[in-house]
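In the part that follows, the structures are each spelled out as structure tokens.
One chain, subunit A, appears in both complexes that follow, with subunit B as partner in the first and subunit C in the second.
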Partner chain A sequence: MKKNFRGLFFTPYVLWLAMFVIAPVALIFYYSFFDIHHNFTLANYQEFFTSGTYLTMTANSVLYAFLITLFAILISYPMALVISKLKHRDLWILLVILPTWINLLLKAYAFIGLLSHDGLVNELFQFFGLPIQHMLFTDASFILVAAYIQIPFMILPIYNSLTDISNSYIRASRDLGATKWQTLTKVIIPMTLPGIKSGIQIVFIPSLSLFMLSRLIGGNKVITLGTAVEEHFLTTMNWGMGSTIGVVLIISMVIVMLLTNTKRKRRRA
Partner chain B sequence: MKKFLAAFIAILALCGGLAYGSNQLTKSTGDTGNKVLNLYNWGDYIDPALLTKFQKETGYHVNVETFDSNEAMYTKIKQGGTSYDLTVPSEYMVEKMKTDHMLIPLDKSRLTGMNNYGSSFMNKSFDRGNKYSIPYFWGTLGIIYNDQSIKPGSLEHWNQLWSTKYRNDIMLIDSARDIMGFSLISMGKSVNTTNSAELIKAKDKLNQLSPNVKAVVADEIKMYMAEGEAPVAVDWSGEASEMMSQNSHLHYVVPTEGSNMWFDNLVIPKTAKHFKAIYAFLNFMSKPENAAQNAEYIGYSTPNTTAYKLLPKNIRDDKQFYPDQKVIDRLQVYSNLSPQKVQEYNDLYLEFKMHH
Partner chain C sequence: MSKTIVELKNVYKKYDDGFTALKNISFKLQEGEFYTLLGPSGCGKTTILQSIAGFTEVTSGQVLFDGKKINDIPANKRQLNTVFQDYALFPNMNVFDNVAFGLVVHNAKKDEIQTRVHDALKMVQLEQYANREISELSGGQQQRIAIARAIVNRPKVLLLDEPLSALDAKLRKDMQYELRELQQNLGITFLFVTHDQEEALAMSDEIFVMNKGEILQKGSPVDIYDEPINHFVADFIGESNIVQGKMVADYQVAFLGHQFECSDAGMRPNEPVEVVIRPEDLVITTPEKGKLQVKVDTQLFRGDYYEILAYDKAGNEWLIHSTNASTDDAIVGLTFGPDDMHIMRYNETEAKFNHRLESYED
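Let's look at the complex of A and B:
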């Protein structure tokens, strides 16, 4: 009786998982084995791993995602560190999260306004007598905007792991003669590694397929796997190839998860 | 717990209220009353004054719903559950909907005013004999330039885009067919070619254009051009007319060696129900004075040649939107390609976009 009751409670979650997690992933796998005429085939995978276009695109995507994640960490870590030391840190962290309440498209358009030929940044440049820069549609602007959009997702886990560190560890390291720098590198950073790792997991994968930003800010001079997925689903209606790219993205996510999960395993052992 | 429950109930009530409200607001969808016509159109693509006039003349109320891409419209009609009486696909989509049996043939005996349409705009490859479609607006693919940095008259041919003068100056509309198309035309080939060697040559030629390409963008191209972000763009005449209304320094040219000619067409989808209203509306829109009023409001080119004669002189003489017959004769209409060829065009186009 009791067991049945428990099973009843569990049913909604199983249904939820089946419908919204397992079924979509299974469908992506399923579609990836079909060509445009609905014939079963492995050709999509063969094409993906033999065509120079897709391999270059994958390399490009990984490179850009890496750079975006790197810049996000470089900006987020010091920021999270400073915020965690502030008096009204909850208010400050709220301000950091605030931009995520704004639609991504609006943020992209705001950056167009800032970076465009007659935009705010160029007006400032002119004010200081600097020449007008063409900033839109460059790799740098794409990485900047993408990193900006990902920063809240990087700061939050780092901030949480920072606030989790008990002050006694830091006091202990000082008492034992560590300099400020040594406390940071030997105590604080190692203890916040799990936060950094979850930040990487949240930021890296979406960065592999930022198709809208790569068009709006990158002017399609930055082509990522997301661009190809969009094209296969919307223009050529080749869902098989689109799904194949989706599968590749899922597999890369698994790889990133495995690479960033070593710590927890060791602890369990 | 009590607080939580109260909050939960409040949220549920709010959701319910919003659902009811949105239901009331969208109730017009699929209105099945007798005196209505459900028109599924592109956004802001008909003069609202005409709809009022139509209701006054015939008593039919027109419900307008809008879409923003042919593919979105196609999917929505194909999925069913709608009751659209008329829709406005572009030429290749007419062909696709026709082959997918999604269109109802026009009953020619109930149509009047068909002789108002110019022969250059009828009986096109996508719908021979206009069995399913009546042209609504037409336009071209061309070059838009800003006269602040480019002397008017100095940029009139596709091949000039490759000139080193325009380093990092050109914006392209993100459309495989159109970009491959102008490359093909610049080599004197057909925009509907299925010859792989020609397509690869067209892509190689585009690769040489990349140093001049500033960006490949979609709808934003209008905003960028109006703000002067780039001096040159390749885009459709309809988009050009919108840019030009925002920035008077912009000009549009249709290269004389040829270009693409596109059509948006009124068709009756399978979901249609109010046939009396449909034919009343089609005949109403074919009337020269109405077509002229619509063309003046939208700013696109009308295929209704009798209506064209009613337009103000400055519009009639505008070679940007009403090119000479000689140029019109050289324009090519897209035909619906097989899925493999669509894929081939898109793959090559993607390779071009990746080329730096």
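Let's look at the complex of A and C:
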């Protein structure tokens, strides 16, 4: 009787996982073995790993995702460090998270307004007598906006791991003669590494497939794997190839997870 | 003569909310001695430690190290080290790296780091644990590593913030011996903070008893135990029976309707005083032979002695330590010698107290 009840409580979650996690992933794997005419084939994979287009696209995606993640860390870490020292730190962190409540598309359009030829930033440049810049549809603006979108997701885990550090570690470090900089590099950063790794996991993978931003801000000059997936499913209708790219993305996600998880396991042992 | 290494002059610490943590603290620490700041939690003892270590700024007064004012010198530039209550061993480093930390941040050479870390670990008898992770150590081992890490920089003063409070009773006793031995081997000054009077009495050369931001009494463990300055000190250090009495004349004290010969003097005639008698100084005898008659209420067997709780006719509680058991509800007599009593005046300052003691002691 009791056991049945427990099974009953568990059912919704199993169904949820089966329908929305396992089934889609299985379907992606399944579709990746069919060509455009619904014939079973391995050609999709063969094409992916032999064609220059896909490989450069993968390299590009990884490079962009890497840069986005890097900038997100470089901005987020000092910011989290400063916020964790503030008096009303919970309020400040709430303000940082606030933009995530706004729709991504809205934020993208806001940036178009800011960065466009007649936008606010260029007006400011003109005001100070600087020449007008073409900022929209450049790699730099794509990375900047993408990093901006990802920052809250990077800051939160870092902030949490920073506030977890007991003050006595910092005192011990200073007591033993470490300067503030040495304390940061030898004690605080290593101790917040789990937070940084969580941040990387949350930011890097979505950054591999940011198709909407690459279109709106990057002006389709930036072609990532995400753009390619969208093209295959909506334009060329080659679901097989789209799924193959999806599989590649899933596998790279697993790789990133494994790479960022090793140390934590060792410490727990 | 030994030299003063740390000195506090008229130190005050006030917080923004108006709370005064330290009130006019002044003391000197000599080289190579073991000092203890003893007091209940919240008495300001840790604040003193932190102001010497450089973790908190004093509101006024001077903190001197080796004769120089160090109020404005940051913690990392002060030549003293701290053993923290929670040890604060860096979890991302192993034992060797933890102990080596103080040397690494000073850019010491590799081979020098090797030998000095080895020496420090040897001091705490854990030289074979260099490659262990911190999480693999027991509480007592972590404690020793924290000490090794703090002495690797060869400080002149080691500050210890209740370092034994997280250990179990047996280990705590062992560590008391080891800390004392370590201090004597190193020959440096230890300033130990604790609320445990037993620890303080066992290890210290000199104890500062604190309460509510003030130092009430300084002295050797024996002096403080035998001649507490006031009710608080007598009650806090060891167990004591305190009764109200009257100083009839020098060496004559009256309490509970009797007059007794005592060994204290220098007070006004008929001055109201408090009389302290330690439980181990009371001897149980027959009611006729006793100077006081009490009725036994409860007895607890403590292993090496019986703790006997008794009441006199006036309702005062008497605590007696005796090697032999008594009988519940029996009327017994208590005897004590003149030296077993210690007389305390109300509101006597430490300076006046010391002056008075000197005036009649040899």
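Operating definition for what follows: the second predicted complex is superposed on the first by the 263 of 269 C-alpha atoms of A that agree within 3 Å, B and C clash if a C-alpha of one lies under 4 Å from a C-alpha of the other, contacts with A are read in each partner's own complex, and residues count from 1 in each chain.
The definition used in the following text is that contacts are C-beta pairs under 8 Å (C-beta built on N, C-alpha and C of every residue); 3 or more make two chains touch, one makes a residue touch a chain.
Just so it is clear, the structure is predicted and the values come from calculations on it, not from any experiment.
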Which superposed partner A:175 touches (first subunit B, second subunit C, both, neither): second
Touched subunit A residues, subunit B compared with subunit C: B
Touched partner set for A:53, first subunit B, second subunit C, both or neither: first
First (subunit B), second (subunit C), both or neither touched by A:187: second
Which of subunit B and subunit C A:134 touches, first, second, both or neither: first
Touching partner for A:166 - first (subunit B), second (subunit C), both, neither: second
First (subunit B), second (subunit C), both or neither touched by A:234: first
Sites on subunit A touched by subunit B in the complex: 36-37, 53, 56-57, 60, 112, 116-118, 134, 136-137, 215-216, 219-221, 223, 227-228, 231, 234-238
Parts of subunit B lying in touch with subunit A, wherever the complex brings them together: 71, 168, 171, 174, 176, 213-218, 220, 223-224, 227-229, 339-340, 342-343, 346-347, 350-351, 353-354, 356
Of all residues in subunit A, those that touch subunit C in their complex: 166, 168-169, 171-179, 182, 186-187, 190-191, 193, 267
Of subunit C, residues touching subunit A in the complex: 53-55, 74-77, 81-82, 84-86, 88-93, 101-102, 104-106, 133, 135, 149-150, 153
